[in-house]
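Both complexes shown next keep subunit A, but they swap its partner, so subunit B is in the first and subunit C is in the second.
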Partner chain A sequence: MNPVHIAAVGLAALLIAGCAFEAPRMAPARAAPQQPAEEGLWEISRKFEEAVAMSGRKVDDPALEAYLQDVGCRVAGPYCDGIRVYPVAAPDFNASMSPNGFMQVWTGLLLRVENEAQLAAVLGHEVMHYAERHSLERLETTRRTANLLLAVQFGLFAGGHTGFSSGPVRVSLGDVTNLVAGGYLAAYSREHEEEADREGLRLMQTAGYHPGAAARVWQNLVAEQEACKLPRPAALLASHPPSTERMAYLDQLAGSDASGANGEQQFLDATLAYRGRWLRAELALRHFCRVRVVAERLLERGANPGELHYYLGEVYRLRNEPGDLDKAIEAYENAISAAGAPPEAHRELGLVLQRANRDAEARAAFQAYLDRVPGSDDAAMVRAYLAGAG
Partner chain B sequence: MPGTTRLARHRIRAALVLLIPALALSACVSVKPMRAAGGVEVRDNPRVLLMAPDVLLLEITTAGVPIPRADWSARAHDTLVEASAATVAARGGELVHYVRPADARLPVAPGHLPALRLYQVVLGAILTYRYKFGTPRGARAPSLVTKSDDGLEWTLGDTVAPLRADYDADYALFLTFRAASSNSGRAMVSAAAFALFGVIEATSQSVGLATLVDLHSGEVVWTNLLSGSAFEVGEPEEMHANTLKLLETLPL
Partner chain C sequence: MTAARCIPLLLAIVLATGCVSSRTIHPGEPRDIFGEYRVMSAAKWTRAGWRNMELWTVDGPQLQQLRLYADLEDGDSLYERPRQAVLVRPSVRKYRPKFHAQMLPHDVAELVSSTLVQWGAVEADATALRPARFGDRDGFRFDIRFVSQGGLVYRGLALGHINAEKRLHLILYLGTEAHYFPKFREEVEAILASVELTR
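== the complex of A and B ==
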């Protein structure tokens, strides 16, 4: 790279840094697109919202939907009328906000948050994306950056500066400037995320929730990522700040403020009936480590321990690695002796006992299952297991 | 081109650049209609229920960023509806419009959801197995062992009964339209890219899809796919002409 190339790329970086577009915060009373590009974004969002609303992905439970909308509204305050919160059946920790106020909350997120305050922290973050019109800012900034990049690349080409050699490798200046622009846009996105984190925390705090819950969301997620060695995006091109960083600044922002409600019981009342289904959805993707980490963490909270032990048993039974058979037996036995275990815990215990050649105990487990749900769809099959066990 | 000087090559390119506007002006649109394998039962004076058309138009900016244009989309939507009504009327039929319920959270009546969900799945299958969407050029197209390679063999079954009853309609017509068009800056960039590098980039892309479902049998009786690479997507006249072309083979 000669001095001209360095100067050109440096100048491009400086100019690109000036491409940021800042839209004024949306006025709650004027929750509508304010310019043509924003009208287009709202139009696309409307289509997307209709598609989700009509699809089988939306969780068809008016009570759960009303609960999420209620928490969202409490956090959103004056923006309440503009937002619509939808529970979407999808594993993984995720929520998203569209420019028109259409918010998706994935069931994988609902599985992982522990109380209403943590949920409020996430919803507050999403509300701030809407209020600050981040989608419009990103679109306009992308447009400006792309225009500038085009001019720079044409200029470099016209000046005969297409690239340089680094040893045997030919490096394209077009690629270098693309990387600079991509890095800038990713950093810009991270700024939005941090702004939404910080302002979202203020929203949930104003709504009466304990501010420390926001950092706890990320603390739990970091623990899951580290325990399961989940891949992380390259820092330069990541659209979101690292979870550890988010945890740190949210923790600092909350300080030692111990005020506010956690709303754990309210959250459990609204979601506990679904928890098994959400764990099952994660298991279907063979997220064994993640289900184990989540279930063990939720066990510490105490609600329906039998159900959580049952899903730990499912992790070991389905993973089927050396030593897992004994762990599965132990987990199912723990489930059966605790509150909240589904009847299937007996059936699965029978299956693993059968696999361990403990036929008499397997028969007892199968019989216990049939005693609890004699009319189940698979009763005939379990009777066949019973007949075959020994 | 052996023996051709660099200057001569540039002149040839410059001449070709001049051809671009002419190419852009000549609308290059093709259609690919398909009918039910078992034939179509044509009814006298049919009532055709037009489902909410799905229209989205994009502007490609100078640097190639797609920007959704709500104004273009709204205009195209209205033109699409007008041209559809004219086509159905010309066949002795009547176009009735699907009415969205007051609840903003659900764009259709709950009783109509099963038919519309099934339609989305069926449409996906038709696009994959009949129109070969997603099949790379030159690759072997996928096929279904349960269906022949010709004609349409899909039905929405009894799920359409509520639609038929609520609107007293014989058919349901689904329309989807997507288009992207370069702004003038992008067209100039495309011309420059062609002159400098010989890269050809279409200045617009359009895809229209129409589907007719018999509300008595539930069968998908007709589809048509319109695709084009050069017409003014924002212009109502062009949209009107293309809607007529899209619906030209409507079996009514």
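== the complex of A and C ==
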């Protein structure tokens, strides 16, 4: 690249960096679009909210919805009236906020947080996207950047600077400036995420939650990503800061402050009844490693260990790799001897024992299942196993 | 387009069209399912065929469909290409629920419900698993219910048989709970009752 090209791309980078649009924070009492571009965003969000509300993905459970709305409101404080929190059946760690205050919390996230304080950290983050009007800022900044990029590329082309050669490769200056703009917009998005993290932590702290819970959310996620070797986005174009970075600055921000509530029991009271269903949804997608890591971590917390051992058994039964049969048998046996195991633990133990040709033990397990739920809708099938096994 | 460029494209078209054939199932004609079993229909269906699976429908597969699988072996899935086409990336293939030779009916019911979730259902339930006859052999049967991403409720039923070689024959009927599932329910029951194993 000759000095003219370097100067041109540098100038483009500087100009693009000047495109950032700053919107004033939303006034809590005026939860409404405040300019034409924002009206469009709110209209799109309203339609999206309607579509989600009508879809099969919204969890139609008034109790769970009320709980999430309650925690959201406690964290949102004066912004409470403007936000609506929807539980959405989706097996992944995610939550999102639309410009009009419509917030989605995925069941995969609810499965992974350990207490109300961790949930509050995530909800606080999303509330800050709404309060700071980040969607509007991103829209305006993207528009300005695209306009400027067009002008810069036209100028380069008119000046005869279309590209340069690097060895046998011809590099287009248009591509380079596109990359500069894409990298800039991603960095801008990361700034928003960090701002929402930091301000969201203040919100949850003000609401009386333990601030150290925010970093713990990311610590758990990093552990899951590393254990299961999950792919991560390229750093330059990532829309969010890396989880390790978020964990570090949130930890630093919380400092040694040990005050505030964790709300573990309240969270369990509100969500424990759904946990099995959420684990089952992840298993349907064959997220074997992730279910194992989450179940083992939740086992350390102690609630309903029988249920968690049962789902560990399900991981091994369904994965069916060499050695999994023995692991499944052990996990189901652990489930049966612990509190909170579903009756199906006996049935599934029977299935894997039969696979292992341990017919007498399989019969005992099937019988134990029938003893516990004699009127189950699959009782005739299990009786057929008993008649045929051994 | 040069001849060199044209040949791979033509080859791709021939391969793609060769994967699926669409024909009509005529009422009263016995239909042989991959040499494994025969069924008889009293209605006119449109049929698409893949290796090991035929898909029948009257009003369109989004509204109701009958899937007839034959001879699925260890490692096969319920996807249109159960034998794992080489064009599917290994990273995608590894998440597909698969049939295993040691499976019992409960495992097959889970295989069906997980596959439906992977096809986009929001929670799929397989219930009322019970013994049933598949032709003149022992088989099993269960009911299905799931909700699509768009909020549409579907119902279904399945009849299966695992043969002595540990291979799975499975007939799956799915349709919208409102109208299309009940519309052909009796017809499908008659098809299930007509199953005749040919090997």
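Criterion: the second predicted complex is superposed on the first by the 390 of 390 C-alpha atoms of A that agree within 3 Å, B and C clash if a C-alpha of one lies under 4 Å from a C-alpha of the other, contacts with A are read in each partner's own complex, and residues count from 1 in each chain.
In this section, contacts are C-beta pairs under 8 Å (C-beta built on N, C-alpha and C of every residue); 3 or more make two chains touch, one makes a residue touch a chain.
Small disclaimer: the values here were computed from a predicted structure and weren't measured.
Of the two partner chains placed by the overlay, only subunit B lies in contact with A:139; subunit C stays clear of it. Once chain A of one complex is fitted onto chain A of the other, the partner contacts of A:55 extend to both subunit B and subunit C. With both structures placed on the common chain, the touch criterion links A:74 to neither subunit B nor subunit C.
With both structures placed on the common chain, the touch criterion links A:112 to neither subunit B nor subunit C. In the superposition on chain A, contact is made by A:40 with subunit B only, not with subunit C.
In the superposition on chain A, A:380 makes contact with subunit C only, not with subunit B. Put simply, subunit A uses residues 54-56 to touch subunit B in one complex and subunit C in the other.
Of all the residues in subunit C, the ones that touch subunit A in their complex are 94-97, 100, 102, 104-107, 110, 113-114, 117-118, 121-124, 127-131, 138, 140, 147-152.
If you check the complex, the residues on subunit A that touch subunit C are 54-57, 89, 277, 280-281, 283-286, 317-318, 320, 347-348, 351, 354-355, 377-378, 380-381, 384-385. On the side of subunit A, the complex with subunit B involves touching residues 33, 36-37, 39-44, 47, 50, 53-56, 84, 86, 139, 142-143, 146-147, 149-150, 154, 157.
Touching subunit A in their complex are the following residues of subunit B: 54, 56, 58, 61-65, 67-71, 73, 104-108, 113, 116-117, 120, 189, 192, 196.
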